[in-house]
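What follows is chain A paired twice: with chain B in the first complex and chain C in the second.
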Partner chain A sequence: MDPRRMPRTITDPKIRQVGFFAPVAPPDVSMLGPPRPTTPSSPVSGNSLSPVMIPPPRHLSSDNVLLSPHIAVDSFLPVGSYNASEFSSSTATEDFSEDNFSKDSGWVLNENSGKAAVKPNTHAASGLTPAVSNEGPPMELQKQQPPASSMPKKEQTTKAERRALQDAQRTAKAAANAGGSKKSISASAVVNSANANTKKVAKAPPQKKDSSSVAASEKRGGDRQTDKDRKKDAPHPRMQFDDEDRVEKAKKRSVVKQTESRNRVELFRHLPQYEHGTRILDLESHFFQLDTVHPAIYTVGLRFLTGDISGGNARCIAMLRAFQESIEDYSTPAEKELTRDLPTKINGYVSFLIQCRPLSISMGNAISFLKPKIPELSSTMSESEAKASLLSDIDRFINEKIILAEKVIVRLAVTKIRDGDVLLTHGSSSVVEMIFLCAQELGKQFRVVIVDSRPKLEGRMLLRRLVGKGISCTYTHLNAISYIMHEVTRVFLGASSVLSNGTVYSRVGTASVAMVAHQFRVPVLVCCESYKFHKRVQLDSICFNELGDPDAIARVSGKEDINYLNDWASSQNLQLLNLTYDATPSDYISMIITEYGMIPPTSVPVIVQEYGGEHLLI
Partner chain B sequence: MPDYRGLVDEFVAKLNKRKVEGSQATARLTAELLRSVVSLQKLPCKNQASVLIESVRSVGVQLIAANPIELAVGNIVRRVLHIIREEDVSILTSNTGDLNLSTESGDEEIEQDNNPSSFAASIADIYRSSLCAPSLHALLEDAPSTKAPCRIYTSGVDSEEKDDKHSLSRKLKHFVIEAIKTLIGDIDSCHDQIAQEAVEHIHQNEVILTFGRSRTVLKFLRAAKEIKGSFKVFIAEGAPRCQGHVLAKELAGQGLKSTVIGDAAVFAIIARVNLVIVGVHAVMANGGVIAPIGMHMVALAAHKHAIPFVVVAGIHKLCPLYPHNQEVSLNEMRSPSELLEFGKFSNFMDYSTGVGAPPLHVANPTFDYVPPELVSLLITDVYCKEEEILKLENRLWTSNVVKKLVCLTENAYSIHV
Partner chain C sequence: MEPARGMDFQVVVLAGGFSKSLVPLVSKEVPKALLPVANRPVLSYVLNLLEQNNVTDLIVVVEGETAALSASSWISKTYIDRLHVEVAAVPEDVGTAGALRAIDHRLTAKDILVVSGDLVCDVPPGAVAAAHRRHDAVVTALLCSAPVSGPSDSGSSGAKDKAKKPGRYNIIALDPTKQFLLHIAAGAEVEKDIRVQKSILRAVSQMEIRSDLMDAHMYAFKRSVLQDVLNQKETFQSLRRDVLPYLVRSQLRSELMSNGVQSDENGNSKDAMQNSKILPSQLLANESTPSFHELYALGPDGSASITRKTHKCCVYIANKSNYCARLNSIQAFSDINRDVVGVANHLSGYSFSAQNNIIHPSAVLGSKTTVGPQCVLGDGSQMGDKCSVKKSVIGRHCRIGSNVKVVSSVIMDHVTIGDGCSIQGSVICSNVQLQERVILKDCQVGAGFVVTAGSEYKAESLAKKERP
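Right after this comes the complex of A and B.
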């Protein structure tokens, strides 16, 4: 690696800069104030290609191109503009390290969220100081930040340069890992003894994420932020509900009292199986005791629980909007810092939402976008500025990653609809619905087959909306899929998530539809925004899933004569299983349509690697 | 003229309205109806068999027209027709035997050929070939009859019936009715026969998936439970009728660990299943099966996961027809109200208001066709003895065997109805 890098003297400083890309970027955002208005105002840097920038997708048609470069420029602008102006001054670095330090203790605080939050925090902080000061080399590195003069060179980055950069990044990371792990042992021992219970507290996925990442952050200095982030993004072991110790601990912490259903399905012991009927009442009765939960979050949680809001995008947007509201109403308590206190709050909200309904992978992605934004806020910012910055971050996420992405997908997918097509869809997907409506607006002649499955019967709502728009529809149930597939020319499916082995994780029944379509040689097009992509790999639908209300299986809507299972819970041998998701193997999928273009399922890792991770989030 | 008219009309009406459910019940009712037809039919002195055949056939045509999808009706009518022909031939041969060799006569069991001489045997063969090819049952149970026509002479001479033509007619009727009774008995016991095989296929702690509701499957699993102890069953409910709920309740009542899943979860669950056992509606001549809607999806999922897909079916479901355009010709559309409640969408389904085609169609088919390559095994109640024909000595048929068998017998079936 090194020999390759050496000849290019120019790239050297740049490498460093990129290596500490993540920690460096945040302060600039905060110092510039709300990033949204400032970014387009600096045209020079706007044109510059950041070294990490990825060329716009090829598949986009001419009018779509408008969108994606915009996203890219937006996302990388702050880096360029900031580096040029601020980094020459050493005060910025000082400021930054301090900031990072406070952030670390902030994470510790998350951990102990709840009763004895302050005390262990001070412990942790005192324990941390040596750890931070240990981090000599990285700090020095940081101070050698590229001078402003090197910045113009950035514009000329070639492919080779970028590649060299990537290499350097990798080596830097490896070095940091090696160095950090050794030093960390002593530091972490102190920390661990100080707050021994921190790790056990972890209950729900995002919090657990924290516990693992806290360990990392405690060990390493501030500028190992990149690693920390990476760690957080890495698939973490999920809470296994057959692990009794952890379940007990989680129970003690939970706000909502959940009674376990009596007839639990053996195969799914690792997933939470709760009685659904009692939870709403329980939540209602706790309304006045839940002072930790913001009313907006409470509303959204209840609506998740009742199934009022469903669908990946809708849930994600609702959650983010609720976060926005809660952040707006947030005021830092006395003797606390926003960067420390707010993450605790957010964690509390997230765990509340999880108790209402397990988070989808897309929501997890959204949260892991939001959370690092908080500690990145500069402590010099006033509270209102910090809040405004967060709010605009969330706004951008919703606009760019969800709303805009949907529009791009619709434009791409519509090109795949020809006159005379018979399009099949399963359940009700917001993107697929938009595609149909758009195709109709374009005057295409087509027919839609809506396949629906019990117990959710989401397709009925879609049917109502499409028929209302005058689209000719055929409605049938999932079992008749083989019957109806003869006449179908395209299958459009939505997805809850796309995993990096190409597996599409989506509403239950999708796999069957895709399988039958594959059998009948009908192309299967999966429409999914890239923020739903995840590194994780899944082979079947059993290891990870979500269980719905088992009573929904017993009830047959509209037919009271089918009531054989009314008293199912009284029979010991009888269990009902209501799976929510299933995993469709990539073999059955012809194409995945994302806002970056139309890709085969084998290319999912590319999207996850190139656009995901740090770059995923603007 | 015929007194059975009322009975036939009643049954036809039932079939028309699809009041009879399940092919076993239909088969049984058909056989019972035909028995009463035979017993009520007045027979002339001559050509008794042809009169009987004619009346049964006309009734059969009516019944089949009433519900062309219920293939068991046709199967039973064919069987009864075959029984009549066989009885006729056996009586004729015994008569010829009586005429030619007056010392010897046959009052033996009807099922066996009682040809005392080679001459009689040859006549019988002529009759056989002209009247009927060997039936399925003849092949399976009775096959040696054509190959080993020579029998031990029975010594007893029955003088009572020999001369009496009237008693002879009654004799034919009597024998036919007896044979139909045996047939009904066979239909009744087919579940138990099939259940005997259960031991061989289910082991302890296995996970079994079934779809919808089938009495055959219920008995099969129960038998396995009694011998092999506990195993788990996943039951896909089989929307929109959700008959799987009933089966689940029955199985749980038997002490089996049963779990009801939605049909959509079949693909997800099948990864953990060892065996798929289902009941079907009919078995076609090529070894494919007509099954409740959704079965193709299940079979395909099992195939993709390399899990055996076992079909249990009584022999009355084996049909000598080949499936052609089965999605349409062997299917039936049920009411859309099973999927969408009336009222909610009726304005869209109204043909009169809209211009051109209505914007909404609802497809609610009843049956699915599962091609033979997806069926791993067919378990039936007929114990197949004929090694030379089938090279098999059990009740387990693969689709190839079905094809072979049907090839041999299809003439017997398809010519006569």
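Right after this comes the complex of A and C.
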């Protein structure tokens, strides 16, 4: 597919050494259909016979021979694609918004353009396979898509379009001033020129035309309407924070007053970033005012915000434990039903936690596990029974999805450690730590290299614990990665989330470690519980990420003499970027170890489809 | 569930009683809690602060039956329908710890916020409570920056000499993150050196000792711990002098294990009983930022085999911009009066006029009488001609003659001042009568006293002889 994939064939023998075996996974996990993107196939969604879905190539090149050494057994398998309908129909609340998706597909389309035009109506569902005529800019395609689901369609009016519209209006107005008769002609002329390409390929949807000739304000009103509807449906956790209108509304809703920090990096404006210190102060001083929030939830939220609890599993467990406490203390108000009232409570708690810190994907999964459990409770149950059932559900989730899953992962991963190995890890991952400890208990002889990075320096705690257990360790910072990689034989990484195109979303710095390891032909093993998998596709670390406190990178603790950036916020020309996560492309990952077995990153969709979703709910 | 209990916090206001250090300002009729600060009882500042912070359910503990009666009648009159206040009377001289011991049976919530009734501050009590919850501490104390320039900063020249004395503030040791309290001693008790525990110093490895902080007497306690300590250590009299230092001292060798809730993983210790849940709590502990307590508890080699019992003593350090003071001395009384109408006038609850003062509409001013900025003139007070009032608080229904100068003073209600008096830096209690041409400088005049004409006093305390 793309040039980055090239070395993969060379490293494959190394991967063989490690070996793919999947005791629990279905037999077809390791079998990959070769990407044959030229066939515009029917969408995969709902086709249970074809669980394997691999990301489509970026370029429709013919070099797929280079790819996967595995024999294509299921060559009839339909090729996965960026399937609009599939993603947008997702039930998970924390799914990304349509705007982003359209942006994504826009990029892909960009690369695809130049292919033969297909009649859009037939293939609109499969998103990108229909390509546009040569001169068509990629965004034009969105207009052609018939309004399959009307809501996202309205969102898809791009900036360029809107501007064209506005221009049209303006000229129309001017024309009206000059002479009434000319008005419609000139307006339509402008619109025509703006939408010329659209008309060439397919006729524009009728409402498009309407909106162009009607006043712009009316159209805006319609837009707002859909916004409202959408908000009623589900408050969108993934808000675009460069949309001032929405930010304003969110501010009104929020319990905690948040001051947006200044000097945000241009590319990351869509992500929330607040002034860290003032948020803590505000949250603290409103302790007694927040009486809608359960104390346990409040404490957890505060500890998220202050960074006392970090790490995917810890945050997830802390959140679930807090939910348990709040459910224990819950009593149904008079004239209300538990199945109706409790979800609204939980929703309130979740939005409070989001205000403290954006939820991780794993937490989102846990919440979407918990929420459907409440309406499922039968109405004949007494309140205490219902509560007990929910509590045990949460307990089961923690035990099976986190604790047991970790144990299985450790058991699997330990087989990959041989005597004399030098193992490298980045940051501090609970699973990886357990793997090392387990290997130590089994009497394996190995050494650990802990690569750490500022500003969190999480590796230090891991180092302390490992050294305490008598494991010989080397501690270094990310800067030295290219040097230290020479002696490393395995890289074990934790992950915040694994996405269905095999991208590993993890602590920032992980991608560099994986890339360097890949360059040095060192196998990279990512250990991740399957409850952290998500069917989203992510190609970069920009669309979804979390911005940390910029002060954290500006300030060096204990080194007052080198704190040159103390008043950085006052400088207009300086923006600090403290990213929390990054996305590691699947090319750099040799293997993902989950409780279902050890799988190649291309098989993540199988796990997501077969074991995710409702199957996640045990 | 009432709002204050929504967070499982109970608020106790220790209003004190008849405080010896405030003689002659206090009397049987005016207990410390009802001393007027800018014509409002000092207790109202705490109650208003709590009310603003949505705490409507509280216990006020007053020493002495008569004081309790007068406090309770004032509270019920002022805060009817706004606050739900229980007034509890405890015997005199039991100390703060004793007072809590006496109301032990009323404490039911998970945590208790103990506020001193003489506190005048604008630090949200929620912040203390939040810091307490965040670390799951056994005690969290509010520290505020001690008034650095001393009480003389606004030019009350008379008070200067007193203020120049080194403040009786605290010596406080903090950990580098400024979240945990490692040592606390009252500044007055420290002579030459302080003793710091080696074990604590070793565990923290770095300690910051400061003398510019003041213990503001707002504590959040874990109820079970507080009750344990109070019951086990019956000699403990004061929260500040006994209970808090004890908890701080013993934080790395906690003896509070009788009920097993105070281990460093308090939230999870309940779970730990169930074997299957140890792992998640350990996982949580591993991934959360550990405080030195946890590191110490794990032992030097990081193994959890010998778990040492610890508890956390936290602090919340108020922002420098917050006002915070305690009315515990006569000097503090005049300072607070000055500040509440001056630098911290948002606390007073009055709206200041364009001249930055408050003159009640019913007050009567004679001709050529000036009332300067940062002054309060209560309702019904009358002033004669050619008077001058600067930086002073004058109570209700005072009658002030002509040619009177009042500078940096506090004059309470129903005071009669004859012509030609000059009052500087003084406190004059209710019902005092000053006859003509009295000159007072830095004096305190007890309630009902009569100062004869033409007398002149400097830095004296004048009060009626206590009748046996």
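Here are some notes:
Simple rule for what comes next: the second predicted complex is superposed on the first by the 380 of 618 C-alpha atoms of A that agree within 3 Å, B and C clash if a C-alpha of one lies under 4 Å from a C-alpha of the other, contacts with A are read in each partner's own complex, and residues count from 1 in each chain.
As a convention for this text, a contact is a pair of C-beta atoms (placed from the backbone, for glycine too) under 8 Å apart; a residue touches a chain by one contact, two chains touch by 3 or more.
What you see is a predicted model, and the numbers here were worked out from it, not measured in a lab.
In the superposition on chain A, A:Ile562 makes contact with chain B only, while chain C stays out of contact range. After overlaying the two complexes on the shared chain, residue contacts for A:Val467 are found with chain B and with chain C alike.
Touch criterion met: A:Ser430 reaches chain C, while chain B stays clear of it. By the touch criterion stated above, A:Gln445 is placed in contact with neither chain B nor chain C.
Within the superposed three-chain model, A:Gln575 lies in touch with chain B and out of touch with chain C [touch as defined at top].
After overlaying the two complexes on the shared chain, residue contacts for A:Thr299 are found with chain C alone; chain B is out of touch. Of the two partner chains, chain B is the only one touched by A:Ile542; chain C is not. Within the superposed three-chain arrangement, the count of touched residues of chain A is higher for B, of the candidates chain B and chain C.
Touch criterion not met for A:Gln609: it reaches neither chain B nor chain C.
By the document's definition of touching, of the two partners only chain C reaches A:Ile403; chain B does not. Residues 464, 467 of chain A are contacted both by chain B in one complex and by chain C in the other. By the touch rule above, chain A contacts chain B in their complex via residues 265-267, 452-455, 460, 463-464, 467, 470-484, 486, 507-509, 511-512, 515-516, 519, 540-542, 545, 553-554, 556, 558-559, 562, 564-565, 568, 571-579, 582-583.
Taken in their complex, chain B has these residues touching chain A: 232, 234, 237-242, 245-246, 248-249, 251-253, 255-269, 271-272, 293-294, 296-297, 300-301, 304, 327, 331, 338-341, 344-345, 348, 357, 359-365, 368.
Here chain C touches chain A in the complex through residues 3-4, 6-9, 53-55, 110, 124-127, 129-131, 133-134, 136, 267, 271, 276, 279-280, 283-284, 286-290, 295, 298, 301-303, 316, 319, going by the rule given at the top. Of all residues in chain A, only 281, 283-291, 295, 298-299, 302-303, 306-311, 313-315, 317-318, 321, 398-399, 402-403, 428, 430, 433, 461, 464-465, 467-469 touch chain C in the complex they form.
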